[in-house]
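See below for the structure under consideration.
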Amino acid sequence: ACGGGETGEDDNGNQATEEEDRIYTIDDFNQVKTHEDGAEAIDGGVLNFGLVSDTAFEGTLNFNFYTGNPDVEIINWFDESLLAIDENYAYTQDGAATFEVDEDEGSMTFTIRDNVNWHDGEPVTAEDWLFSYEVIGHPDYDGIRYGSMFTIIEGMEAYNNEEADTISGIEVLDEKTLKITYDQFTPSLLASGVWAYAMPKHLFEDIPVADMSSHDLVRRNPVGMGPFKVDSIVPGESVTYVKNEDYWRGEPNLDGVTLRVVNPNVVVQSLRNGQIDLVNQFPADQYPENAEMSNVEFLASIDTAYTYIGFKLGTWDEEEREVVMDPDAKMADVELRRAMWHAVDNQTVGDRFYNGLRWNATTLIPPSHPDYHDETIEAPLYDVELANTILDEAGYEDVTGDGYREDPEGNELVINFASMSGGDTAEPLARYYIQSWDAIGLNVQLVEGRLMEFNNFYDRVEADDAAIDIYQGAWGVGSDVDPTGLYGRNAGFNYTRYASERNDELLAEGLSEEAFDESYRQDVYSEWQEYMVENIPAFPTLYRARLVAVNDRVQNYAVNFQAGHDIYRYELAVTQEDANAAE
Amino acid sequence: MWKFIVRRLLIALPQILLLSVLVFLMAQMMPGDALSGLIDPNIDPAAIEAQRERLGLNDPWHIQYVDWITGVVTEGDLGRSFRYKMDVTEIIGQRLTNTFWLSLVTLIFTYLIAIPLGITSGRYNDTFRDQMITGYTYVGFATPLFIFALVALWILGFQFGWFPTGGSVSPGLTPGTFEYFLSRLHHLILPALSMALITTVNTVQYLRSEIIDTKQKDFIITARAKGASESRVYNRHILRNSLLPIAAFFGFEITGLIGGTIFVETIYSYPGMGQLFVESINLRDYSVVTAVVLLLGIASILGALLSDIILSLVDPRIRIK
Amino acid sequence: MDNLQKELDNKINNIEKSPSGVSIIWREIMRDKLALISLVFLLLVTTLVYGVSIFLDLDEIVKIDLFAIHEPPSSDFWLGTDYGGRDVFGQLIIGTRNSLTIGFLVTLMTGLIGVTFGLTAGFFGGHIDNIMMRVLDFFIILPFLMIVIVFVSIVPNYSIISFSLIMTAFLWMGIARLIRSKALQERELDYAQASKTLGTPRWKIMFGQVLPNVSSLIIVTMTLNLAANIGLESGLSFLGFGFPEETPSLGTLLSYARNPQTLENRWWIWMPAAILIFLLMLSVRNVGEALKRATDARQRRG
Amino acid sequence: MDNKLLEIKNLKTSFRIKDDYYAAVDDVTLTVNKNEVLAIVGESGSGKSALAFSIMRLHNRAKIEGEVLFKENNIVELSPSKMNKLRGNDMAMIFQDPLTALNPLMTIEDQIGEALFLHNKKMSPKERRNKVIDLLNQVGIPRPDYTCDQFPHELSGGMRQRVMIAIAISNNPELLIADEPTTALDVTIQAQILDLIRDLKENMNAGIVLITHDLGVVAEMADRVAVMYAGEIVEIADVHTLFENPRHPYTRSLLNSVPSDGHEGKLHVIQGIVPSLKHLPRQGCRFSARMPWMDESVHEENPVLHEIAPGHHVRCTCHEHFYFPKESKEVQNDGIS
Amino acid sequence: MGFLDVEDLKVHFPIRGGLLNRKIDAVRAVDGVSFSIEQGKTYGLVGESGSGKTTTGRAVIGLNNITAGKVFFEGNDLTDKKNKMLDVRKDIQMIFQDPYSSLNPKKRVIDIVAEPLRNYERLTKKEERYKVAELLEKVGLSPESILKYPHEFSGGQRQRIGIARAIALKPKLIIADEPVSALDVSVQAQVLNFMKDIQKELNLTYLFISHDLGIVKHMCDEIGIMYKGRYVEEGKTGDIFTNPQHIYTKRLVAAIPDIDPKNREKQKQFREEVQREYEESYESYFNEEGLAYGLKKISDTHAVALPEKG
């Protein structure tokens, strides 16, 4: 079902040594666990889930309050979104709630199924859903969820400013029916743009909003509506779940799940000896040595993220809250940017550093959104000669004879490159890029001579630090394909500070009424991708695979439960009591 | 005695205050804050900025400091972790217990190893046994803790599978049960042992030279002249007098452990203060960083105080009236 | 008069100097085979590392080679390559040099500060000592590793120098305390008192009379500190608070072993560094112990 | 004489320095009788303590040859456990420095009590305490019950030395060896301690070996005197003979060098220093090196201890004809080779 | 004004304690001592351990801070801080008790002996060498020794190196704090003889501190007896030894062992007598605190601490 055809050329990459070099492609992997041995699933059993992380989990175990990734992995086992999605992250009617859209009125009406109950037996009601909006919109709310997803709801801002006691745009029609009216109704809403996580109001009601996030109900005894119930928590380390017999889709197969944090360093061993059946994410750099692990199957999906090189083209105007382009910016010449794209061999980087588990990226919409990623677009390819020619023609020539090109005015050109530390290959990768640009005569230097620590990096990139000309970053793309949040004129995260009228237009079109028509929307975003490849405010470097390892005894598992494989967590099963160890 | 302790505490107060300022300032100087890591297109940067304002992160440092220290002093409130959204006191509470047990078991191992080895080595100095033990101390000295811990984890944790490879307790056990206790112990042994094996070498050496020193003291000859047998001389006179400085070292040992836990907890994914510290530094959760450093600083002070008290209890020469 | 003078000169010039402290130390080391081997090893490594690194092209060593990632040792790469396709052997040489440099720098700087501080406090005693000891007490209670880590993450320009400075700032207390207590003892000794009655100014007594008497202690402590400092640096690098990779150190190479695949399958990256650290620390320790014996007449081996 | 308590025959005590043995006590033969104070005098380093330690067999690593007969036992060959029974019971010792000779971490009661306990396990703690108080009384400590619970550092030098004596006499030893018991003390206290020791001899009929380098103390205390030089006994005589008619040049030198009413002007000086163990002449008269004005024969001969009058033994070949130079001009390069 | 006059000298050391480590009491190490010394004479200071002898000597030479009282040297007030003292100080030197610790073990003899010269006189290397060699010859050591270290000398020799250092600046007064008590009898004699020799030669004045009455008797012209920081008796040597007046002095004299074994019994009896007297009349010699009273002159040269008789 997934795309990723762009990796097809992989094989022609490099000569004979492929066997030894162990280069893989995303196509080598299934997304759903296969059942080759034909073993029968048993009733019950406990699954051991490894949450791969080198830190303890925070333990803010509620969709409305969590911030980090480890926590959401924990929540997913016992709670779930009321709305289900397909592989393009568009809502379907298969979830705990169904919905109707009224485009004219700009509203959506949701109906929660009758048999959807909280773990304590209370039914999940429209009130509960409303309650989560009231909490997140509350001035005392200390989480980070309050954003555009909420502000577009009618009356939300008034409520947030304490001008209104209620949110005028949200109506509880009856016990199970909720209607939300939006100020702006965009196609994004249908692609995971609705906050679909209810909160058990009967439990939270009496807790002041400011205290909720540290309350026991969030920390120790969380209550959800998912297939499993939290049984016990060792803070930061592990959680045990038991099945929720009352789950609305049906009684889960497994008796329970044990989740524990597993350090990336010990993942392989833990999988090998069967201590854990399943990990949320297998460290890709350890894959080649362990590809043949006999007791597990590796699955993979395309990650909703890409890395990119961004060019600083302007600044952020805090007053106007918009991007201001600087025509004199060092990187203002698109030919220079194009040449730099041509200079890097991302295909080889992906093959060599990541054994093919990351691969050359072409556009700013990754193939994780298969309907929108346009694989036909021809992005600049690795071509040193072409890069040189482009630079020569654009007037970047080495007039001083020091081996580096000067700018067209003949001034020394030093491009300052910011890249962040952390991650396994950060260092050599940054070095590699510098080397590559060096090869076309560009003098690129790391800012301050070293990689920047994550926070420092974003602080400075965000502040448009003049010492930074280009930077290497990574974006996780949202479930909605709309890139306005990253590339819009008014987007604070538009770190390249690129804006153009055409860009504004295209982005607006993607959210226009017409865009409710999917093929129209696809065309718009194709055009946008193309436009960005032409103008290169940033160029994507690598797309990535998300790798998961699953023990042979596990059945009914898909890499991404949400993304429409018609396999759900409650169906998970095992074929024997204990996990297999590797031979 | 009480006077002495009170006086020591009085001296410690300005130290702690100064420490708190230093720690706080350092935390402020760290680039970024807990919110700068939130790069998520689904979140509005303005919301983050509002959050910052709400948390007072945009105030000048001294105002933030006064706020913070007032909280600490008046209600023992060390602030709130940005990451965990929880009172730092509570987070540290869990981690502190873990580190406490780790340290305790390490200390027990340290002395279990050091005392017999030190005694043997000191008593039979320059014999084969002594050379073996001295050899061990040399090797132990030259092996950085983290290398040793890493290798121990690999061999004993993975290759042999004798010990768990992470965490502080197996999931799903009820606190308070014997099984729970055993599981905790099981999780502790390897980290504690590897730390002890490396850090104990100093104590072994110290004890050895202390015994060799004491052996030559006049009062040992007196004891012999009284007709005391060799074993009595060792057990009643030499040992007692040699263990004294070791006892006094006890408090400082605590300070030393703090450094060790950073490595060991990181390597064994043991959720204690050391791991918390490294995590929090990386995530700029500086209310936690501040609190951890402050607490461990206080622990050092108390350790030193403890040393003094122990020394004054066991050594009549400096007994405090 | 002249005659007498001449005769005297003759006499004086004819006599041998008695062995000085240095030669006693030398003799002791020559006697202790292990220490001798260690010393030779240290000198060898030091000269080799500093000597060879002059001829090494750092840029070449840290150059990323996508087609040579994780090569096992071969004639091209004596110790194979790391995950950036960089030559491990070259990194080992440069890394050892950097680690040693830091070790030496920190040891020297802590020595300088510690000795001056300790000597001043101990020698003057009284209020000066009191105040200085409060300062020292404060530094001592700081959880060293943590504070250094915090500092390391603050400092914008992270280099060998700044790293050494940070380490120094929180490491001088041990030696200062040692020297102080020794100076406190020394100043009560009659020779220091005698100097006072002879009209020698205080600072001259401090540096001219007392210092030579604590010098052996200083040498021994600094030697042992050197080993500890090398270890510390690698520890910090291991935790990820070390240098950027273009400034390799032994700790950087070791930190690659945090990747379990490297630990298990690519020994050539970290093992040589581990062995080298081990040997360096062991040798420094051996020499240090020999020095200690040399300065303690009771323990001297003949 | 059945009065003999201790008989030492050709005792030789050697220490190992590097790979060689050097004798700190060489060919010592002497006897100690009951109810007698035998004083041993000599300069520092002459081997007095080494001799005392050999008698008590307290040396850690020394080679002891010869015979030390005490109560029909040859101490040199006695088994450790038997030795432990003798030590502190039948033979006891007082040390020079009373501060370092007491365990700083034990109360006075415990330290004296230990000596009692070791040789009489049957005593109850209560009895023991009473006995300790009794002993402290005996050695003249003013408030024994209070002192019992004190630690050594809380006592003055004189008190500590008394405690040492209390330890030594706790089991009524027959032989008491006092190694410079008063050197660290003031004269007034010295007098008291000496009185105490003298009382012991008389009350307990003990034999006492008193080691000192203070000839005044010898004159006041001793019944017989042995003079040691460089590990050898150079002269033994009863105290009156020795002071009136010293035969060995060394004895005479010693006596002359004490400032006393006798000589107003210059004191007598013995040239040179006691050679260190390693530099002991292995041949010839050991003392002759310090009489460079004498003719050669003196230096070469190997003198033996011989009796020149009843009870008066001298180790010298020239005791009849040696002389001191008129002008005792000092040798410039004394003692330094 | 005499040569050296000490007037009502007090040296108190603070005892600290309490919560804030404040001064709560003082050790009255020297508590009102007065004496004067004539040039060229030897003045002995005697007393049991802790009586304050050393402290007195160190106060005179300026090693201890003086709490109260005055010290005049040739009419100059040494306690007056404003006085340009350097030159006066140079005339007073000290010989220390322990010949082992008083010489810096890390220095060669030449550096040790030349130290005062370097402070006060500018000499060339050659002159300095010559001077040191000369001094060494004067104390009976070979000039060849100048490059040796102290540990290569015997105790007596070391003490002489100390003396060479003390006389390098041609001082007028030498404070000798138990200069021979660490030495063997035979070596003691050497040093004492030698001290007498150079006294004559250089017209030195000694403040001779000792607890050995025999030696004091041998060396000194005048003697002061100290007890708990105060004087109990002062007088010519003859006065003290033949006619001790204070019970403490008597006790001290009685305690000296007699070198002649024949006097043993006599000595013992004498001692017992004195002890009896001491016990009987203790109260008339010491005040309630057990300290001595002020000195009363009983002859031109002899003074005793006795209570004011009513």
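Think of it as A, B, C, D and E in the order they're written, each chain with its own count starting at 1.
Throughout what follows, a contact is a pair of C-beta atoms (placed from the backbone, for glycine too) under 8 Å apart; a residue touches a chain by one contact, two chains touch by 3 or more.
Quick caveat: nothing in here was measured; it's all calculated off a predicted structure.
Following the contact convention of this document, B is the list of chains adjacent to both chain A and chain C. Seen from the C-alpha centroid of chain D, the farthest chain centroid is that of A. Between B-D and D-E, more C-beta contact pairs are found at D-E. Centroids built from CA atoms put chain E at 31 Å from chain D.
Centre-to-centre separation of chain C and chain E, using mean CA positions: 48 Å.
Rounded to a whole number, the gap between the C-alpha centres of chain A and chain B is 39 angstrom. Centre-to-centre, using mean CA coordinates, chain A is 90 Å away from chain E.
In chain B, the positions touching at least two other chains are 30-31. The set of chain D residues touching two or more other chains is empty. Shared contact sites, meaning residues of chain C that touch two or more other chains, fall at 153, 258, 260. Partner chain A is touched in their complex by these residues of chain C: 62-64, 66-67, 69, 83-86, 153, 156-158, 244-246, 258-261, 265.
Chain C contributes residues 134, 137-138, 140-147, 149-151, 153-154, 227, 231, 234-235, 238-239, 254, 257-258, 260, 263-264, 274, 277-279, 281-282, 285-286 to its touches with chain B in the complex.
Listing the residues of chain B that touch chain A in their complex gives 30-33, 35-48, 51, 54, 83-87, 90, 94-95, 153, 157-158, 161, 165-174, 269, 271, 275-276, 279, 282-284. Residues of chain B touching chain D in their complex: 217-219, 221-230, 232, 236-237, 240-241, 244, 314-317. Interface residues of chain D facing chain B in the complex, by the touch rule stated above, are 53, 56, 58, 80-81, 84-89, 92-93, 95, 97, 100-105, 107, 111, 114-115, 118-119, 151, 153, 164, 167-168.
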